[in-house]
Structure formats: structure tokens, C-alpha cells
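Note that chain A is present in both complexes that follow, paired respectively with chain B and with chain C.
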Partner chain A sequence: MTDVVRVTGLRKAFDVTRRTPGIVAVENLSFRLGKADAIGVVGESGSGKSTLARMLVGLTRPDAGTIEFDGRVREWRERGRLARLRRAKEVQMVFQDPYGSLDRRLTVETALRNVLRRHQVDSSAVGTRIAELMDSVGLESRLLASRPHQLSGGQRQRVAIAKALAVEPAVLVLDEVTSALDVSVQAQILALLTDIRARTGVSLIFVSHDLAVVGKVTDSILVMYRGQAVEQGSTADVLRRPQHPYTEMLLSSAPGPGWRPERVAELRAAFAVVHDR
Partner chain B sequence: MLLSIENLHLSVRDHRILRDVSVEVAEGETVGLVGESGSGKSTTARAALRLVPPGARISGGITVCGNNMTDPAVVRQVRRTTAAMIFQDPRSVLNPVRRIGDSATERLVHVQGMARAEARTRIAELLVEVGLKDTERLLRCYPHQLSGGMLQRVVIAAALISAPRLLLADEATSALDVTTQAEVLALLRRLQQKREMGVLFITHDLHLAAAYCDRVYVMKDGSIMNHQKGSEIFANPTEPYTRALADAVPVLPERDPVEVRP
Partner chain C sequence: MTIEAHGPVAVATTRKAAPGVFYLCLGILGLAVVAAILADWIAPYDPSATDFSALYQQPSSAHWFGTDQLGRDILSRVIHGARPSLLGAIALLTFATAVGVLIGTVAAWKRGWVDAVLARVTDVMFAFPGLLFVVLVIAVFDRGPGTAVIGMGLAFAPVIAKFTRAIALEEMARPYVDAYRLQGIGSVELCVRYVLPNLFPTLIGYLVVLFGEGLMSLAALNFLGFGAQPPSSEWGLMVQEGRGGVIQGIVGPALIPGLVIAVVVVATNVIGVRLSDKLAVKA
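And now, the complex of A and B:
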């Protein structure tokens, strides 16, 4: 009963027109996530991982299935400020491109202040809370006066994470948050996420195409292929003893010692013969 | 040497963007240029074709296939026939409101003055060569109708249309899925071997460069930090920055040996 998130039988299809059925983006997907757990969702483009992320935060409405946060089923009809505020505390999302989620006109301080105000943080406490947030994402307080264009990619992503953490959500959904960053910055952000999880007990849903990155920050992994979870298990098991041929193929596709593109292309073709329609 | 950049310095106003960069690419060779954002790897590749920022001061020698890239007429000739460039995002290269066939044959029709029908036959052959089918329909498609992997193949075909000796690939596979990336790279290698083309392969992915390229240059802050054989980068990283870069990349754990099922 201690699941923070519980997803059951989730399905979403995008119809081309009203009559012709289109692409099934997510099909019969279920998983659960405990407090302070981190799950990775991996798959290639079009596997449905971003659709899943968007359904979790309520940006896309599922066709079927339920999403529960702390035992409470998400309703799609509830409106009003209170419901919105409660939802915000349930789950927050950080995207690949922080430029897209930060208002270019606002300084870091104003952006954080706006979030805190909206969530009725005591105005006397706002200042200290902002300082705490900056500290927890490893940004110096002198950057409070900066606007997004004055920050580096890594700093911007830290601001986006700070904004998400401002409402103290139970769950953080991270959609390809390090994919646009340099490897050294990526390593810092991954370390930061692990640190934040340990300190605040927030649960992470880490969506990425990169299995090695996912392996760094999660305890379990869900591998998606064409909308379905083809494999689900502990991170160590999935990476070391993959059960599904698709996972196996993804693992051997990553460049490393002994990697040859010709070999991967052969594997992909052989896989397509068996599994693709 | 197909491409030879010698002691290139490039600065815009007071900013020094490249310092003493020397890069060589021989025929049939794949040479990697690796670095983080802002290290100058794209600037180096663009400078090879004299595509430099406005107001840039440059010094040092650049030759492509023995052509000295200082004379504007020679530069135009090289860009037209000898060298081609492909980029990370095919959608930013192809005009979204023009059919793929028009964009892909642009070089032949508008630059080289070939008849449209002939150019279409040429590009159709090349599309088959890069592993695409149903080329007549493809040529009539708009970019949004194709996937990223397909578009990148189209762009590669369009780049090869003038039979270039040198291909500059700037993060050409970085936006693709790992499996699609491998497919495109396998294709690129095949085409390269067939045509004895030299490839300057720019990437931020050190693992990829080490596995795919014959030689790798590592850049940082506008300078070449290291130059090694691809196969030696991880086995024997001689230079501290390369080592740091290699260590920053998360690696997959060793897989357990697969048991043979009876």
C-alpha cells in the first residue's frame, strides 16, 4: 500500500482521423513505484516513452487505465484551483530543453518566487525557501538575478529542476533531461538527481533513450517497444541479464569496445523480421 | 591528403576561437573530431570550406584535394564538387515546404545546370544506394512525412550527388536512435569504401568516435588536445583531458555470459 505511483493498464492511441484508428502509443502498461524509488523508462523514438511521461503528469489524457498517486486515482474531470495545487504536489516534470520550460523574460529569482507564491508559501518564508532551492540544485545565489540566456545549458537545467522541486512533489518525471548536455555536465546532473533523491525522498521516473545513463540513476528499468513494456526488472538484471531480444539489441547497439555498426544493423534487421509487422 | 588544415588560427574581434589547429584527412579515411560544446569542432569543419563567421580573421593553411582555399573561385569550385557536408538535423537542411526531390536535386539543377529529369534519375539511384525504397513516391514527399532516419539518408544521398571526395559529417547521427545510428553509419562506411571518400566525422560521443574512426582528434577550447588512433583511445588514453572525457561517459555494466539453452 505504500506505492507512491501505481499505473494500471494504461493505454493511449492517437487517431489519424476520427474514423481511422491511428498509432497505439502506449498499450496496457502497468508499473508501481515506491517512495524514493527511481524507475527508468527506456526505448527508441516512437516507443511511447514520452507519451507515458505526459500521461503521468496529466498533459495527455489516457484512453484507458488508471494512474494512482498515493492511493488516489487521478480523475480527469476535476477542475479548480485546489485540485490543481494538489496535482502539482503529486508530480512534476522536467523536460529535455530547459529553454522551452523557462520564461526568458524572468530572472531565476522571479521564476522561483512565482511558483512559491502560487503554492501559497508564506511570503516571509519565500526568501529562505529560494535560497534552499538554489542550494539544493547546486547553484550560487549570485545567479538569482540572471535570465535563462545568461546561463549555461547545465545551469538552466538546474533551474528547471529547482522549479519542479519548489512545490515539494512526491514524484519527479524527467524526460530526456540530460540528452542535450555535454557528457561532463550530464555527469553532474545525474549526480545531482541521485543526491536530491537521497535528501528529499522524491521518487524519480527517468525517461531516456540512453541505457547507460538510466543505469546510473535508477533501481529498476522498464523497456518500451512500440508502446508496450517488453521488459521490466531491476536495473542490474535488465542491463546484465536482458531477457527480451529487444533489450538485448539496444544494449549491443551502444558504441563501445568491439562495436561495429554493420553488426548492429544486421541484428536490427534480424529483429525486424521476427518482431515487426 | 584530401583535407589538410595547418596551424589554423581563427578569431572574431578579440575572441580567439581556434588556436593552432592542424587536421588531416587522407583518402578513404574516417577521421573523428571530438569535443564538448564550444570546443571548436564545428568551426574547424566549416573553416575547411572557408565557411567562417563574418569578420573572422584567419591564418594558417587549408587545402582540399590540393586546392588552396584562399582564392574565392577555387573555394566555390570545391564547395560545388569536391566536398559535401551533412548536419545533425536534416529538418533544418531541407526546406519544409518543398518536395524532397526538389531539395535533393538542387545542387545538380541549379548549381551544375543539369536537366531536371536527368537529375531526378541520378538522385533516385542514390536513394536506392542509401537503402531507401519506393523512390518515386519519396521524391514527391515533404520532409515532415518521413522519419528522422529516412531524412538523414536522403540528405546523405543529396550530399553524394556531386560525387564528393571529402565528406564533412557534423554530428550527422547524433539525433538518431542507437540502432538507426548504426544503420546509417554502416551505410556511410560502405559508401565511403566504394568511393574512396575521406570523412571528417564530428561528434561529441567519444565512444562512437573511438569505435568508428581510424584516427581521432580531441578538441577543447579551440585547440587540439590529443590525436590518437580510434582503437587506442580507450585502451591507452595518453592525455588527461581525453581520459576525463572518457570517464564522464556512463558505461553499461558487463553483461553476464549468456547461457546456452538446451
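And now, the complex of A and C:
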């Protein structure tokens, strides 16, 4: 079966100044993702996971490496409306900040209508499609006339997901989509994403610092540290039998029954020894 | 900002003009606009009609604000003067906004060398005091209200460009802009159709404040004789024409239009600040 996404040898460095050598955000990163699969990308702040997400959707251009969608290598020189619309169907992204990810002037209906019209949905079918999208993200139709400031954080995130799904992308990148939400709303959004994946067959790339959240919605996990993948495997394996001390440290960092902060410090020290070698 | 102590909890409040002051200012500006529109019907006298038997008259029932050195009714001239004064400030601001918003948005959008070049151009324009800049423009072209408006407009444009660039940069960093890109929207459409309209609420409040400054600057130019020419009853020109009487102890012809300018400028400032707050909260 063809991979929906195939990332090979991806690298990105950011220059501090023109003369100062850059900070390497992502280094030699590779992974594959099949249809309707879900992969979690986890790591601490600064591990390069958001840069990876932005490269995947085409907002940041990598220095080296290739990104393929359905066997087609992304060409960064491609311009023009048709190329943009095709890329939009390859991958969409939902952002961390539910307050800034919607245009504050537009009602929910106008925002969804604009996306559908742009992607040539027949004008007679737009109304039905909007109703379907609202239903699929669990929003009542009465909210169609609302503007973003009239919605809660969870509702805004649902609208952002609906907008992304309106394009009918093959892949959905979710960059810390639950971080700004309270715990009960987090659970609702995670359940929604699992449901959407099962119904539509969309592949998910779930970027998060929270291993527990990632564990609930993904089949495999890629652990990033300082731009590199330090561990990759099935979600069950990574969570139950972490092979890398950094993964173990991430797992131990989550407060829970029997949580020992001194154990986290021990693991961090042990990992530093391994990493520095 | 003041911090008032209420028992164990200190409550921080921001000082704002009371609603009454805001509505008073709105009324003053409304009055000026009505005067500009209906001057031909509401002014008691022809603003250019001279009466040499009634020079420098004190305020009376016949002439509420008195008369000037040519016996012209000051109230009628102030009412008629609202038109060139307000229209001049509007024209100045429209021109400055068109230039400034274009430069500011392109600089924020393109960044890189385009931003650097535009920043240097605006810096050079900043380096000249506004008035000197206008005098240069007038020296090259010709004196008159149109030249004054264009010259002063060019002096105001860098201020608007810098402000627009700053708010456009902030706006473009919002995730919704990236979301639009991912939907397949091209750069120009994204900028014109989606980002620019989101700048307007912040920009409008700022422009209302600048309107007062523009009105004052144009009045200063007209006072110096670079803009409107007699027999115009533009307020700055009225102050200039009335200053001859000040030496003789007759301050009305210069003071009244000067006060009108000051009151309208303060009113627009109060309205602008309140408008900025309201629109920012909505945004």
C-alpha cells in the first residue's frame, strides 16, 4: 500500500544572524504514514515538532530532505492557483491557538462557505455541506451566525477543524490542538478526532508535548529531542516499553499516582550522559 | 492607571474620558460638520461681505462673535470656514492614508529588502520636520490649498506607514493568516481581502486622532500663508488675518477661530481614543 505521507531526511536550521551559524530545529528526520493512520509527534518545547509540522504543510521550507504526499514529491517552486488548491487537498493544519486561528470578522457560516466555494463545491450543495460539516464536528447549526468572539475555546477549535475538513484533505496536522483547552473539552476534541478519522479516513499527524494525549488518538509515536527522532514505534510499545531514556523521562514527567519528581531529575541526568557521549 | 484600595483587594482602573465628555465631543464635531454642510443656509451674513462702518465690532446681538478688521461677521466666517478646514483635513488624511497604508502593508507583507528600502524611505521623510517638507513641496510646485494638502499628506504618510506596518506584522503572525494560506489563497488576495480589513478597526481610531493633528497642521500652514488665500475663511487664515487687531488689544478676530480649532482638535482626540478602545475590544 502506498504511503500517504513519506518524509525523508528532513532538515531545517534557522540563522541567528547572517553570520552566526543556525540553530538546527530539525535534523535528518524520516517517517511514513499510511491512509487513515495516526502518528503522534512528541517532545518538549524547542524539540522541533512545530517546525516539522510547518514544513509538512508547506509553511516553512526545509533546507534538505523530501516530503511526499501519495508518492508525489512536494515541489517548492510550484506556483499558481491550481498548485495551491492541489496542495490544500493534500494536507491541512489545525493550530494551537483557538482564539487566533479564525478570522474575527467572519461568521462561522461565511468562513465555511468561503472555503467550500474556493474548492469548487457546487453552490447548490454548499448549504448541505455546511450542515454536514457542523454535524461532523458536533456543533449546533444555531452557531452558524456566530463570530469567533461569541464562541468558547472548544467551539472555536471545532470550527477550525470543520474548516480544515471542508477542503477534504488526505492528511490533517494537529499542532497542540488541545493545549489551550480545559481537560473536559480536551477529551471531547480527542474523541471527535478519533471519530472523524474513522469516518473520513483522513490520516492524522498529532503534534503535542503531552504523551498521554497523544497515546489516546495515535497508532504510532515519534519522539523528538533537539530536532532528532530519538525513538519511533507503535504507541503501545513506546508508552509501555520506552527504549530511550528521554522517552522514559517524558513519561515520568506527567504527574500521576506515585509520581516522583526526583525520578524525573535522575532520568534527565542519565539521558544527558547518553546524549553527550 | 490608578490603583484604588478597596479593603484587602486593590482594584486597578484605567482613566478614560467620562461618557458625558465623549458625547460632548461627538456633539462638537457634529456641529462643525453641520456647519460645513449647511453654511450657506445657517450663516447670518455673507462671509466675504465687508462693512467699513462696523470694523472691529464687539460681540452684539447683530454680530454674536463681533466683526473683523474689514467689518466681516466673524460667526459667519467661522461657520463658512468649517468647510475648507474640515475638507482640507479629510483630503490630507485620505491622501496620507492611501500612501501610508500601501507602504506599511507592502513592507510588512514582503519583509526582507522591500521592507528595508521602504523603512529607509520613510526614515528620510521622517528626518524632515513636517512643515519644512511642505515648504519644499510648495517651493517646487505652487502655493495653494491643493499643494498644502499634498505636502502635508506626504509628511503624515510615514507616520501612518510605520503604524500600519506594526499592526500588519502583528496581524500576519496570527494563525488564521496561515490557515488561509493553507486553503490555497494567494498572497495578494489574502492581503487585500482578509488581512487589510482586519487592520481597519485599529487604524480608524488612530486616523481620527490624526485628523485633529492634520486639522491643526493645515491651519498652521494657512496661518503662514502657504495654503488657503484670502478671501477664504479657513480658520488658520482667519487667525493670521486677525492678529493685526491683537496689537490694538482686539483679540476676538484671532482668538475665536483659534479657539474653534483647539476645541475641534480636542474633540477629535477624545473621540479617536474612545473609538480605538471600543474597536480594539471588539476585535
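In the analysis below, the second predicted complex is superposed on the first by the 267 of 277 C-alpha atoms of A that agree within 3 Å, B and C clash if a C-alpha of one lies under 4 Å from a C-alpha of the other, contacts with A are read in each partner's own complex, and residues count from 1 in each chain.
Here is the rule we use: a contact is a pair of C-beta atoms (placed from the backbone, for glycine too) under 8 Å apart; a residue touches a chain by one contact, two chains touch by 3 or more.
The shown structure was predicted, so the numbers you read here are calculated from the model rather than taken from an experiment.
If you count the residues of chain A touched by chain B and by chain C, you find the higher number for B. Contacts of A:R241 after superposition on the shared chain: chain B is touched, whereas chain C is not.
Of the two partner chains placed by superposition, A:D195 touches none, neither chain B nor chain C. With both structures placed on the common chain, the touch criterion links A:D97 to chain C but leaves chain B unconnected. In the superposition on chain A, A:R87 makes contact with chain C only, not with chain B. By the touch criterion defined above, A:K216 lies against chain B but remains apart from chain C after alignment on the C-alpha atoms of chain A.
Contacts of A:D135 after superposition on the shared chain: neither chain B nor chain C is touched.
On chain A, the positions that touch chain B within their shared complex are 44-45, 153, 182-184, 186-187, 190, 209-213, 215-216, 236, 239-242, 249-251, 253-257, 259-262, 264-265, 267-268. Chain contact summary for the complex, chain C toward chain A: residues 174-176, 178-186, 194, 197-198, 282-283. Remark: chain A residues 57-59, 81, 84-85, 87-88, 91-93, 95-97, 100-105, 115, 118-119, 149, 160, 163-164, 167 touch chain C in the complex.
On the chain B side of its complex with chain A, the touching residues are 36-37, 147-148, 177-187, 189, 204-208, 210-212, 234, 244-245, 248-256.
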